[in-house]
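Think of it as A, B, C and D in the order they're written, each chain with its own count starting at 1.
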Amino acid sequence: MPKIIVEIMPKQDLLDPQGKAVANALVRGGNKDISGVRIGKRIELHFDREVTEKDIEEAKKQAKEFLSNDVIEDVVAVTVEN
Amino acid sequence: MPKIIVEIMPKQDLLDPQGKAVANALVRGGNKDISGVRIGKRIELHFDREVTEKDIEEAKKQAKEFLSNDVIEDVVAVTVEN
Amino acid sequence: MFKNKNQPSGVDTVENAKSEPDKDQPWKELGLKQDEYESIKEILGRRPTSSELAMYSVMWSEHCSYKSSKIYLRQFGEKVTPEMKKHLMVGMGENAGVVDIGEGLAVTFKVESHNHPSYIEPFQGAATGVGGIVRDILSMGARPVAVMDQLRFGAPQDPDTTRVVHGVVDGISFYGNCLGLPNIGGETVFDKVYQGNPLVNALSIGALKHEDLQLAKATNPGDLVILFGARTGADGIGGVSVLASETFGDEGPTKRPAVQVGDPFAEKVLIECCLELFHAGVVAGIQDLGGAGISCATSELASNGGKGMKIQLKNVLLRDESLTPEEILMSESQERMCAVVPKKKLKDFEKIVNKWEVEYSVLGEVIDEDRLYIDWGHEEIVNVPPRTVAHDGPVYDRPVEYPKYQDALNADSSSKLKRAETEAAAQLMELISSPNHADKSWITNQYDKYVMGNTALAMPDDGGMMRISEETGLGVALATDANGKYCYLDPYEGARQALAEAYRNVAVTGAAPRAVTNCLNFGSPENPEVMWQFKQATAGLADACQELGIPVTGGNVSFYNQTGETAIYPTPVVGVLGVIDDVARRVPSGWQDDGNNIYLLGTTYDELDGSAWAKDLHNHLGGRPPKVDLQKEKELASLLYGATQQGLIEAAHDVSEGGLGIAILEASLRFNVGARIWLTELMERDGVNLTAALFSESQSRVIVSVGREDDVKFQALCEARGVPVLRIGVTDKENQAVDIQGVAKLDLAAIRGAWAGVLPGLY
Amino acid sequence: MRIGVITYPGTLDDRDAQRAIRLAGGTPVPLWHADDDLKKVDAVVLPGGFSYGDYLRCGAIAAKAPATKEVIKKAQQGLPVLGICNGFQVLVESHLLPGGLIRNEHQHFICRDQKLRVENNQTDWTNLFEKDEEIIIPLKNGEGGYIATDDTIKMLEEENRVVFRYLELNPNGSMNDIAGLTNERGNVVGLMPHPEHAVEPGFGPDTAVATRSGIDGLKFFQSALKALVNS
């Protein structure tokens, strides 16, 4: 199915409590080499048809304005799978 | 920073109410062409050094056993950024 | 802003400050005024280092230093009689006041604002607001046992209100629920005056045994200063000084400093860890880290104990190694505490924090010298008298001016509004379905009210009530109130009314009011008309506390709640704490049984100025707010206390916004039990017409339901206490309706439909 | 009878569960997540809360704790285990019960007095209820939406392993209105609503009789005591 994938991560400077909790759990489980974990979102926008340039433009806009919160998150990638 | 990226999505045939809520909001906002939205996770495992083959093996294992719950989720990608 | 290229380490040292006296410093960008900068130089006898500048700027900010409000807040202490202090174990000035409730137990409570951060990032802003106030309570040695939230949003239909409502409610719900603290009440008000300045106040209450009391003091030289909890990161750097101490421009917030991100899980672990530390007796002093972070904790602990400290800042555990010393001093990373620990207790301390997997580091020690030294590696970057940072900040007597609009506003009475008595029923229905009077459960259902199993009353009753002792049932009740409209019309009377209403809301639950907290939300102190409002409101509140005989134990001031030239209504949120010897005697706000008599206590005057009827139905705000008679309020409270002690009252609900009409509907909706009501006697006795009978907001009034068998006793009690009492109806379980004779018979299902659907429909 | 209550970092309702056990006539035994010693208890309650902040997935991190691993082992041998809310999530993450729990359909946390029907009164935690008895106990969760594959749902229904079903209102979008489940043997029960908050008059849900007087939750703990006596 054609889709646009938007990837969003918490801003580098800000605390990511979820990532921290998972990092601790991994370290407790024996993965001593991991220096940190950050957890973001992977949002798939599905289409019933081919994805167009216009869709990508629109998705980028939505990624910035609606799907992410630019005070605390960054959009790290917007990619297409046709 | 070297990292392994694990991407996890809710299983195709299971409910994803959060995705549905976002899809509705996008459609209400005028994106009539989106047929559905699904929301998963993007987990970055950070390393202070180069990522090795062994790290990737271990990450794949953790992705299946801990980072995702295979009853309701699929690991859709494990990639490296060195 | 802070880098100094001349130093090999890039750090500005004390030595450097002496050798380079004329270096340009960013005091202005840090929010300091020229004369404030000059007085820092005078204190130090040299220019400050950049680290010292950072410390002074955050600690001397409006938010931390109370520089514009200090001269007014003093009267809360001055207007207190020894009698009022009887139950006060710790008064104003500490992290939170502590009140003795008997049986060797005490409670501590305080309300605080997080307005500005909650506008910028509603979810995290509100969440960290809850986190911050809970740490204040914890630092007194208490186990936090409940929270409340006081919210003011913009116009209900505005799209930005949707953003703020969702974020704020989610944030409070997320943080409070995750901490395991029941939310037992609060306020939700919509008004376009709060559009660019929503108010998010959070209250927390904690319980402790007398001997568990902790203070934020470093008194023993040689004791260790330990920072523990979350690591220090780049979030919220200077948030307090920059954000809460300035007005947003017309275009909204221009500065976007890194927001603070909360981790309630870390805080929950920190709470349990701290309580274990307290009980093990290993800490000699403790301070939470909130606004101004390490700058505040170190200087306050030292200053409070009359001692000094020597700190190695490199020992601070960081989340981000690139932070500069100035940033470390200013960071407002959440979920951190600072403890003073005797050296010989270090092992015990370590054992407990390790059990809870809480990280810690020893920053330095307490010294017998009036000096706070902070080193960065081998370099000295701070060398100051701690008091000058923590307590001797600037104090302003800001210009005060009677507002130009005030006389015209007070002259513009609601008496010109048409009173269409034939439409009274329709107006009542319109009011109950307006966002300010509609069901708030869309919000309150997002809050856990059950956790801990001690909640005796919570939403939608008038006050929240917690059992403190499981053995005896000893408990406390809490209510908060503020009517911004009344305060706008008359800040002095409005503040008294806020206290009176909170006091009454505690009294109706069956508890005896005992202590007060407040959060004073105002516009810019640099506006003399706002300062006048502030002066009036604080005087009103202090006088009223004296009259009621209950002391202010602590509080918080939030200024700069204004967009451009437009300030919010003055909104002094007042919280009253009451004590009840057995929570089993608590009284809910709605009737349950059939055929009980409904009484109105108090007198109804024609007071519709500033009312919901005027504002929500006619979009009119002017005239004079309802009169407050605190003697009557006291008599009413004491009557209610006596009656509940004897178990005479089935239900009690205070009459406030929306008047008697709304109060009756609410008491009927509570348990879905209807009523038959007659108002003619009331209208005759008090000389008011139907509109006033239904919608007047006269104070010192409560409706109660009383079982028939207790009727004689109850009436006699009212008479003995001189409280006006009038039977206005009877509860009616059969007829699912509120039947107001001569007005209308309103179906309960219809009322509920109109009332319950409003917030879900909007959000 | 000694019933253990596990405290994980972030657990909230552990003291409430202990109180409920006491009020039911049992002896509560606090257990610590990092200990694999279950102190010879006769049954275990995994209480509500936000273990490890509910980060990653609710219950996922707690499922790896030493105490949980011990519980999994003993549960397979028949130890009565009750998972409440977060505890239910831990049971699901531990694969003692099938399916998963996801964010509520309406995307909000919800706290309400919830009506349930007891569908199965043959478990160690429900034997004092009547079949089809309707009860009211508080519900409070943000991620209580029960999901499973169609095959799993079919199996659960056929084997009568749905123990509780939501009545009147499905508060979180759970499939088939499922509020709680049991394992094949009937010793492990998990549910989203909180019986430990309906055990003491004055502090439970509102009822038609009086404010906050509901105590329907008490029978859960009394059922376990009865099951232990009979075994």
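Here, a contact is a pair of C-beta atoms (placed from the backbone, for glycine too) under 8 Å apart; a residue touches a chain by one contact, two chains touch by 3 or more.
Since this is a predicted model, take the numbers as computed values, not measurements.
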(request) Could you see whether C-D or A-C has the larger number of C-beta contact pairs? (result) C-D
(request) Provide the C-alpha centroid distance between subunit B and subunit C, rounded to the nearest whole angstrom. (result) 41
(request) Could you put a whole-Å number on the gap between the CA centroids of subunit A and subunit C? (result) 37
(request) Go ahead and note the Å separation of the Cα centroids belonging to subunit A and subunit D. (result) 34
(message) Quick check: what residues of subunit B touch more than one other chain, meaning two or more?
(response) 66-67
(message) Where in subunit C do residues touch at least two different other chains?
(response) 263, 265-266, 357
(request) At least two other chains touched by the same residue of subunit D: list those residues. (result) 52-53, 55-56, 64
(request) Specify the contact topology among the chains shown, as one of line, ring, star, complete or other. (result) other
(message) Taking the top-of-page definition of touch, could you list the pairs of chains it picks out?
(response) A-B, A-C, A-D, B-D, C-D
(request) Report the residues of subunit D in contact with subunit A in the complex, numbered from low to high. (result) 52-53, 55-56, 61, 64
(message) With touch defined as at the start, can you tell me which subunit B residues reach subunit A in the complex?
(response) 7-9, 19, 22, 25-26, 29, 31, 33-49, 55, 58, 62, 66-67
(request) Note which residues of subunit A are touching subunit D in the complex, please. (result) 17-18, 21-22, 25, 28-29, 39
(message) Using the touch definition from the top, list the residues of subunit D that touch subunit C in their complex.
(response) 9-10, 12-13, 15-16, 19, 48-50, 52-55, 108-112, 138, 140, 142, 194, 196-197, 199-200, 202-203, 206, 210-212
(request) Flag every residue of subunit A that touches subunit C in the complex, lowest number first. (result) 10-11, 13-17, 20-21, 24, 69, 71-72
